[in-house]
Structures are given as structure tokens and as C-alpha cells.
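Each of the next two complexes has chain A plus one other chain: chain B in the first, chain C in the second.
Showing the complex of A and B:
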């Protein structure tokens, strides 16, 4: 009798144990991002934003805890990205991937996620064609044409007829140049000159002077963040283009991580983009409050909001599939999903799995405590990925 | 006509900046036959020290800049004495490995202390605007680059041509063995020249920060640029370094105005042409061992 009781008790305990184990078995999400080296800001922005999301919405969804595992892929390095993603899928048994800063890296994992059937959420990479390489890609950032086209529309509306484009000579720069020029010329504007500046440019003075001598109404600019943006913006200010009425039109150049460093040279620059830290909405305020309660010095930029919304999409996929590995159902569940993001209203396009979202025209002004902010003054609503029509 | 004068003015200033940063490298490479890949570290360090002294400590601009140059020169002395000097006379590979290691350590330290993004150099009001120089406006900071570059050249020229130290330095560059046989303390000359070169690089890094912004990857990013200037100019030659820096600055600027898409490739084609015509550089005197 005693033996039987013991047996019962043990088996009961064992069952309870298995049940707890099942409930505690977390859904794993692998984040591929640069965590070291010159691009480690991205990794930091992603991590902070995901932490802020989990602090707001809990570390579990539908009774399944969600665990984010971060892996370093250094920078633009397709080979390493592929092996890091493979390690996450095979060794860590992740059900979802997230991250991906650079387009070549995202493209490199396409064959992998097709084979493993792992949904991958792109937090940043902004080339239109990526999501066509795999049905498991979902993007929560933006695409270069998506933000460039509204800037061209805005320019024409402002009575700007003649523009010189100056872009850094690499994939995203050329995409931006073409998207802008196509829309601007369609609306009857004239591109006086299209300048492609080499990646390793340090002295932007000659380019800026050259553009100035063409006497355009505005220049349209695309630059990678950091030193090139700083050098260009300084050259624009110092060579007196603004005083001559040649306006600066751009997209991500005045992004929040660089903005304070740009200093007073940045005042008055006009950009069109999908996220400003100064976006005035309760959702953005809640995000920033959560972010700052964890990281008091954190700065939110587009990479942050890309990761924040990426976490949201992953939560929705986990919720829809009850925490089980059903990749097709997971991706289907977020097609056409719409919600209010800190950036404003957004939706995942059900065909292209890329955002449809507002693009805001902003101007750099001094904020309440003297810091520089991207102040939104005009909105182009529900902008699609204009790049998708090209294929 | 406007384009031509723009090319000359912008090229001159870019060239002068390259000269300021590279001249120390040229002298130490000529003097000790030492391949120093870590030279850009001094320019970066100068920038960071100046930013810290001016922004955080609150020193007046000129004082902060001068103190930063002195600090970098002083820091370079123990580095040369205890680390760099160990690989003098060793194979080029040993020297390259050591100095690239120093570069990586410097990058990691700078990232740790100042963050991976660039830091902005504070500027006094006088230098932050632009000036009308007749046919165009010029950033005031560029004029500062021009003036300090000319001062650096003149003072180095005076030191090298007119002082006893200069005589010893030239002797040590031309023929180290003979120089040391006639009683010149070439080790001391090397240390002083190294510190001097580091100080010049720091000054160049500070005044040129609008062209080459201060960031942790500075030493790696511009390494090839500085080495090109030295290779084209000829090791150890003051005039050669100036001529080379101005030539490369002009070529780079001219191609940016006239053929922007090809400017980086034309820059290197120019280097190849010059080096193939004068393998020891424009003013190089060949290698004496």
C-alpha cells in the first residue's frame, strides 16, 4: 500500500514536473546584429528597444515566455551572418530570427530560412527586393524608396524646381538617388546634376561647392550615418548654401544618434523619414518612458523603433501559433497586421511583407532644453514601398 | 575659372592638412626605417584630448589645443622608448604587427571611453562660421588649417635647417651608421623626432577635424591615406612630404570637382604613376643602410 502511494506520488510529481517544463520551455528568438566594432550601435539600439518592449508588454505572450538570444555578426559580412544564423537555428533551436542591419547580410540568410522554414524579421535593412527572396521575411523598418519618394513630392510642392542630388556611391545611395529623381522628374522637376560621392570621401567641400555653382533650389542628399554625414553637413553649413537659399533635403541624415554631434550646423535641415524621437504620440511617449526607465541615457532612433516593432511582430506570430513551430501560419498571421507603433500607424503589406506607414517631413529645431530635435511638420500618410513596383 | 580657383584653394587646404598629419610619420620612417601604422593614433588622441579639455574641463580653445598637442607629445615618448624602439631594426613584418596591434588597442580604448560614434570638436565663434574670401565663401576652420599648416612647415624647416638638432636629425636620416659613429646620439634624436611628429599629428588631427572627424576608427580609416603621402613624398623629406601632400590634395580635389564618380580610383592611379616614375618618392634619396 505504501509502495503504491509512493509510486503514485512520484508519477504525479513527474507529471507536474513535465508540465511545468513545457510551460517554461521558452520560445527562442535569435537576433543577428553587430554587437562589436564600428556598427555596434545597431546592436545596442536593438537590444535596448527589445528590452523596452518586454518591460511594457511582459516577457511572455499567450503563456509562452519569449527569450531573445543575441549573436554578433560584426558588420556588413554575409558569410559570417549566414554562419551565425545557422548556429542560431541548428544549435540554439530558435523558432524566429530578427535583426539584420545590412542588405547583403539579409540576402545571405534567405536560402537558409527557406530551408529551415524560420520566419526572419528585418529590423533595419532597407532595400526593397529583400522580402522577395524568401516568404519567411517580414520587415519592420522601411525601404529607401519609401522615404525618398515623399521627399521628392514635398520638394515639388514647395516650389523647388531644380535639384542637384549628392549621394554616397553605394547600393542604398544609388537607390535613393533613383527613387528621388524618378518622382521629382515625373512631377516636372529638373535634376541639374547627379553626383555620386565615393565611400571614402573625407573632404565634402568640393562636392558642396560644385553643387552650389549649379545654383539649384535644393540639394537632395543620401549619406551613411556618422563621419560622412558630419563632414557633409558641416560643409553645407560652412559653404553658406543655406544663406543662398539652397535647401537641404534628406532622409536619415539627421537621425537621433548623430543629431547632437552635428550641432548648430544641422539647424533648419529638412528630412523625410518614418520615425522621429520627437514624434508626439502617447505610444511614442510610452516607449520612451519604458526605454528611459531601463536605460536613462538611451537615444531612440529608427533602428530602435525597427526592433521595437520587430518584437511586436514576433509576439504576434508566437501568439497566433500558440508557441508552436508553425512558420507559415506565423507569417500569415502578421500579413496585413496593423497597429499603432511609436512611429505612428503602420501596417505590414500582405503581399510584400514590408511596412506601409506614414512618412513625416521634419525640420531640425532646438527643443525645450536646447537639444536638437527632428520636428515633424507634415505627414504623407500610408506610404507603400515604392521600390516594389520596379520588379 | 571659378572651378579652377576652387580646386586650387580646396586642394591646397586639404593638402596642407595631409602634410601636417603625415610629416611626423615621414620623419620617423626616414629616420629609423620604421614602418609605423599607428601614426594616426596620435592625430586621434590629439582630437580626443582637445575635445575633453575644451568641452568637459572648459578650457579656452587655444589653451586646450596647445595643451593637447603637448600631452600627445609627452605620451608618445614612453611609447617610443619602451615599445616602439624594441622593433627598430627588426623586419618590417614585426614592425607592422606591433604597430597595427597598437592601433587596434587604441581603437578599442577610444570606443570604450568615448563611444563608437564620432565626437564633435567644439569651436570658438570666430572659427565656426564662414568667411568671404573675395570670389567665394570659405569655412573659417579651413583658413585655420591653412595658417597652422604654413606655421608647422616653416617652424619644422627652421628647426631642421638651422638648428644643431636639425643637423643631427638630417645626418641621422641620411646615414644613421655614420651619424652615430661621429658621436650623434641617434636614439635621442629618434625619440625627440618621434615626439615632435606625434605632436604635429595631434595638431593636424585637431584643426583638421572638420575634414577627418574624430572617431575611434580614425587611425585605421586614414592609415592608407597618410602612408600614401609619405610614400609619394619620399621618406624623411620635409619638402617631399609637403609636395606630395599638396599634389595628392590637389588631385583628390580636382577629381572631386571634375569627375566625382572616379575620384577615389584616380587618386590611386596618380599615386601609382608617381611611384613608378620615382620609386623613392618625389624627393626621396633612396635607402641608405
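Showing the complex of A and C:
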């Protein structure tokens, strides 16, 4: 037993030694993301986007090469995330962290980065409260209220007065429901019913029929990606809500990884979100060209752009500090930073270190080669994180 | 006469018992790991906490023959309670751990009171159901548990008022390790006691034990509660060392993974629980470091190989080794 441990120990020590000997002192960035299991799509999107960024902007900044080290944390697992992040900080000596798909995972590293003074860039986790847990957090994704509120504003502008909300019964779903309802009721709209659907629902027919019987002008929906979204969209189409004029309003439901699978039943769905692969701008085109030159089959979604802009923010921090470990200066350098991202113009809020960005209303239509795209038709400019006003 | 005395004293020497030897081994192994992997203490703590959890499962499955897939119910309840206790009542870690243990035992008693009247498959289904109910409750009670976002923002006071839970996780590691050693000691006493032997009897044949006039139901309840409190303590340790409690602490995946670790190591052996956990988590960790996206293959191969060639778990290797030594000695 002990011998076995010693053997493991020596072999592990040997590999780490050779690894440290090879590198010529680059700035190291640790990426914590699910790379295996059911959530590994996120890790893949992150990695591809970071590679695309490095292909475009070089693997070094200000004469310092930047090395990204990936660590798998599986899924929502704070304990694992904490130990993985600790290893990155203590053993790999990373100066920056990035990644973080799930809120509890991001929260678990807050005490670590507070003590180690390591800036951590959140590529995805979308709960408003996260960045308040540490001054070293910077977010490049979005927050759920940030994209839900503009959808409510849009609904009222379109003359929609009565809405049934249907959300998956977990943290983000409830955040979305509340953010939407608050804005919609403030504008004089009426929420007929708020339905919370259990997490493992596979048959959405009863929920959709129930909503239909209330005869609303629209339904507002929040679902986690993948199979639940397929099931819901199918139920929406099968029960003929669109024909009756009950519109579908959502946020990330028509995200690019799921969109082609949704098929023609997704045509005409309205969503409000901060990134569409079909966003028409030279910056987005350059990003997609770079991405496709490396990974011809890659699809860009919000996770990709979160990581791409995350890499940008990390490069800016390294540039501002000359590659040295000056965490406060690094975070200060990106507070209020604004640039043109593939998603459009964006800025890091200097108080909340979360993005201020455009939220686009999109409609699913057929693209040039017959594939489905999220076509943007209306912009709500410079939307803040509406969730930050709470609490 | 003289000769026989010498032989006798030799025999005594050979069987001289070092008190607390296994516990000392655990502590020494822990200290060795501490010095070899000073920067992996988070991971080592994870292993220690998991080992304690798997040990609690071993008491049920290995010693009493109670197969459960819902042991995470007690782990998660302990974790949430330790977190909430630190947040609202008192930040002391040891009191928090005690509360976690009591809650674990409480949940086990309440759920066991009806579940233990069933056997086999229906029991397993019920254990899953109870864990799922708690999972759903924790997800619903967002205001208390934080739901999907996790419970966070509680601080744990220094251990004994001296040792602060530091960034490197030194305190957390030795704290967890000591608790594991203590639990191991208690377990060893327990399984050797008449009470523990009766548990083994229950594993072999409950009907016969009942025919012998043994209070089977009461005995099962007590064991279920003891295992529950251990799982609760493991959950409490996890909450205190990670400082965030997520819904996954109540998940089916956790129960199932613990079961896999136990079977890998060997059920019905206290060391089996420890070795299974260590091997599973180390292989997982190293394979994931080598190739973050396909490491599951290694784990799968390891499990298949073990189940095929060592049906009694990795402890069987140890048995084979010991038998081999004995044969060697005899031939001398």
C-alpha cells in the first residue's frame, strides 16, 4: 500500500518536474471547466474559442507567452472545483484563472482567489451575485436578469399584455422568471400564471397545454439547453400555440449548439440574447474565420464568445501588468474596459466587473444554405446587469 | 519445559499487538502524503472525506448486508446542516460536525423506520426515493439552501480556536484525517463487538437471526443510524473544508460513486473502503490530468478488470499476497 503510494508519488513528481523544466516562464492561465461527461460541450467550446483567439492575436502579449492549462471539474461540484483550482494556483503557479460554467463552482473558488489574490475570469456562470463574492472576479458572459429584462420590455412594446411564464424549477430558471415578471408587471403587463417545471421533465405537453388554456398573448420560457429544450419546443409546435398567435419568448433556448437539432419547429421563435453566431459584424466574421480554420465543424455559441472575450480580458490584464503578478493592478486595468467583441460592443462594468452589453432580439429563420440561424432584428443597447440592483 | 517456554514467548512476540496500529498507519500515510503532495491538499482532503463516506456505506453493505443507493441523503443533510449551523448558530467546526452527525443519524432513523421493514430491491428503491426527495426539497428551499446556486457565505471558526482553515487546506486536511482515523477506530471496535458480529449474522441470514430471538428490526435501525451519522459527519467535513454546499451532495451520482469505490476496494472489509476510495480517486485524478476528456475510459477499464479478475475487490490482491507469503514460510 505504502509502496504503491510512493510509486505513484515519484511518478507524479517526475511528470511535474519535466513539465516545469520545459516551460520558459510563460504567464500561466488555468481554465476550470467540464471537459468530460454530460457538460463537456462547455469545455470544448471554451477550448476552441481560446485557440481561435490565440490564432488571431498570437500566443504572447507584450513579449510574454501565455499558456492555458485545462483542468476538468466534471459538472456542478464545488468540492472538486475548489481542489482543482487550488492545484492550479499552488502547483501550476497560474497567475489567472478562467472558465467556471456553474454558479456553485464559481462561488467555491471565491475564498481561494481572495486569499491567493488570483484574478478569475468567469466565462459562463450567470448568477448576478457571484462577482460580489470576490474583488478578483471578472465576468465576460452575461447575467440571467440582463437578458431577461429586455425580453420583457420587447414584449410590452409588441403589444403583448398577458403572459404565462414557464421555467425549469432551479436557480437560473427562477431568476429568469422573477426578472421577466418584475419588468413586465412594471410596464403594466399581466402574468397570468407562473409555472415551474420539474428538472427532469421529459414530456412538456401538459405544461404547454395548460399554458395554452390560459389564452395568453405569449409564453416566456427558460430551459436548460439540450433535451429539455428539444422536448419543449416540440410540444410548443405540436400543440399549435404559434397558429393561435401565442408567441414564444425566450433567451438561450435557440442557442447554436441546439438549433439545428430543434429543426423546423424552431422557426419563428423569438429570443433575446447577447450573442448570435449570425451576428453581422467584421469582428464576428474574423472570429468565425479563425475558429473554422482550426476546427472546420465548430459551432460558436455564447460559451464560445464568453471564453473568447475572457481570453481578451486576460490578455489585457497581462499587458497592463507587464506579465508580473500584480493582481489588483490587473483587475483595475480591465474595470471599465470597452471593446468591440464578436457579440458587438461590450464593456466591463467598473463596479460590478460584469459586462454591459447589447441584448439583441432574434428570430429563428432559415439561413442562406438552409441551416437555421438566430437573425437579429432589434437591439437594446448597453444593457447593465439588472440583477445587481437587488440584495 | 524450558524449551517450550521459549517457543511460547516467541509466539507471543510474533502476535504482539501494537494498539491502534491501523489508525497510526492512516495518520502516517496521511502525513507522508502531506509532505509528498503539499500542493494537492484540496484533493487529499476530498479523498479523506470520501473515504469516511464509503466507510459508512461499508458498515451497511459489507457488514450488515443492507444494499443502499441513497446514502447521499445523509451526506447531503449533514453538509447542509453543518453549513447552516456555521452560518446562523455557531462557527465552531467541532460542534458543527457533531450537529451534522446527529442530523445524519436523525435522517437515517426517520427514513429507516419505514424503509427497514422492506428488503432487497424495494429497499434500494426506497433509499433512492428518500435521497431524491431531499434533493428536491433542497432545490425548492432556495431561501435556505441557495438551491442550484449552492449554500455559501458561511465561515468556519479556527479549530480549537487556534488552527485557522487556511488557503492551502492544511488544517482542513489534518482535521479530516483525524476524524477519519477516529471513525476507523470506532468502526473497528464496532465490527469486532458482539453487536458487530450480530450485524454479520444479519447479513448472512436475517430469518435465522429472528428465529434465534434476535430483535432484527431494532438492530438494523441502530446500524442504519450509526452509518447515517458517519455519512453526516463526512458531509459536514465536506461543507467545512469546501465552504460551499452544492445540490450534488444529495445526488444519486454521489451514492452510486461511493458504491463503486466500495466494490472496487472490497466490501465487508474496513480497509477495502479506504483502498477503494484512494485508488478510484487517484486513478480518476491522474487520468483526468493526463487527458481531461477521455479519462472515464481508464476508470471503466479499471472497474471491469477488477470485477472480472478480483470479484472480492482489490483487497483480494492483499489476500493472495498474504497467502503467498504463508506458503513461502511453510516451505522454509
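FYI, the second predicted complex is superposed on the first by the 367 of 391 C-alpha atoms of A that agree within 3 Å, B and C clash if a C-alpha of one lies under 4 Å from a C-alpha of the other, contacts with A are read in each partner's own complex, and residues count from 1 in each chain.
Here, a residue touches a chain if its C-beta (ideal position, glycine included) is under 8 Å from a C-beta of that chain, and two chains touch if they have at least 3 such contacts.
Nothing here was measured: the structure is a model prediction, and the numbers come from that model.
With chain A as the common reference, the superposed partners chain B and chain C fit together side by side.
Comparing chain C and chain B on the residues of chain A they touch gives the larger count to C.
By the touch criterion defined above, A:215 lies against neither chain B nor chain C after alignment on the C-alpha atoms of chain A. Shared-chain residue A:103: touches chain C; no touch with chain B. Applying the stated contact rule after C-alpha superposition, one finds that A:77 touches chain C and leaves chain B untouched. Look at A:35: by the touch rule set out above, it reaches chain C but stays clear of chain B. In the superposition on chain A, A:112 contacts chain C only, with no contact to chain B. Judged by the touch definition given at the top, the superposed model places A:169 against both chain B and chain C. With both structures placed on the common chain, the touch criterion links A:294 to neither chain B nor chain C.
Between chain B and chain C, the shortest distance over C-alpha atoms in the superposed arrangement works out to 6 Å. 37, 40, 169, 198-199 are the residues of chain A that lie in the contact sets of both chain B and chain C, per the superposition on chain A.
Chain contact summary for the complex, chain C toward chain A: residues 29, 32-33, 36-43, 45-46, 49, 136, 139-140, 142, 146-150, 152-153, 166-169, 238, 241-248, 275, 282, 286, 288-289, 292-296.
Here chain A touches chain C in the complex through residues 1-2, 5, 8-9, 12-13, 35-37, 40, 43-44, 70-72, 75-80, 82-87, 90-91, 103-104, 107-108, 110-112, 115-116, 127, 129, 133, 169-172, 174, 198-199, going by the rule given at the top. Contacts from chain A toward chain B in the complex involve residues 37-38, 40-41, 169, 195-203, 205-207, 209-210, 213, 226-227, 230-231, 234-235, 237-240, 257-258, 261-264. Chain contact summary for the complex, chain B toward chain A: residues 2-3, 6-7, 10, 14, 111, 116-120, 128-130, 136-142, 210-213, 215-217, 221-222, 225, 252-253, 256-257, 260-261, 263-264.
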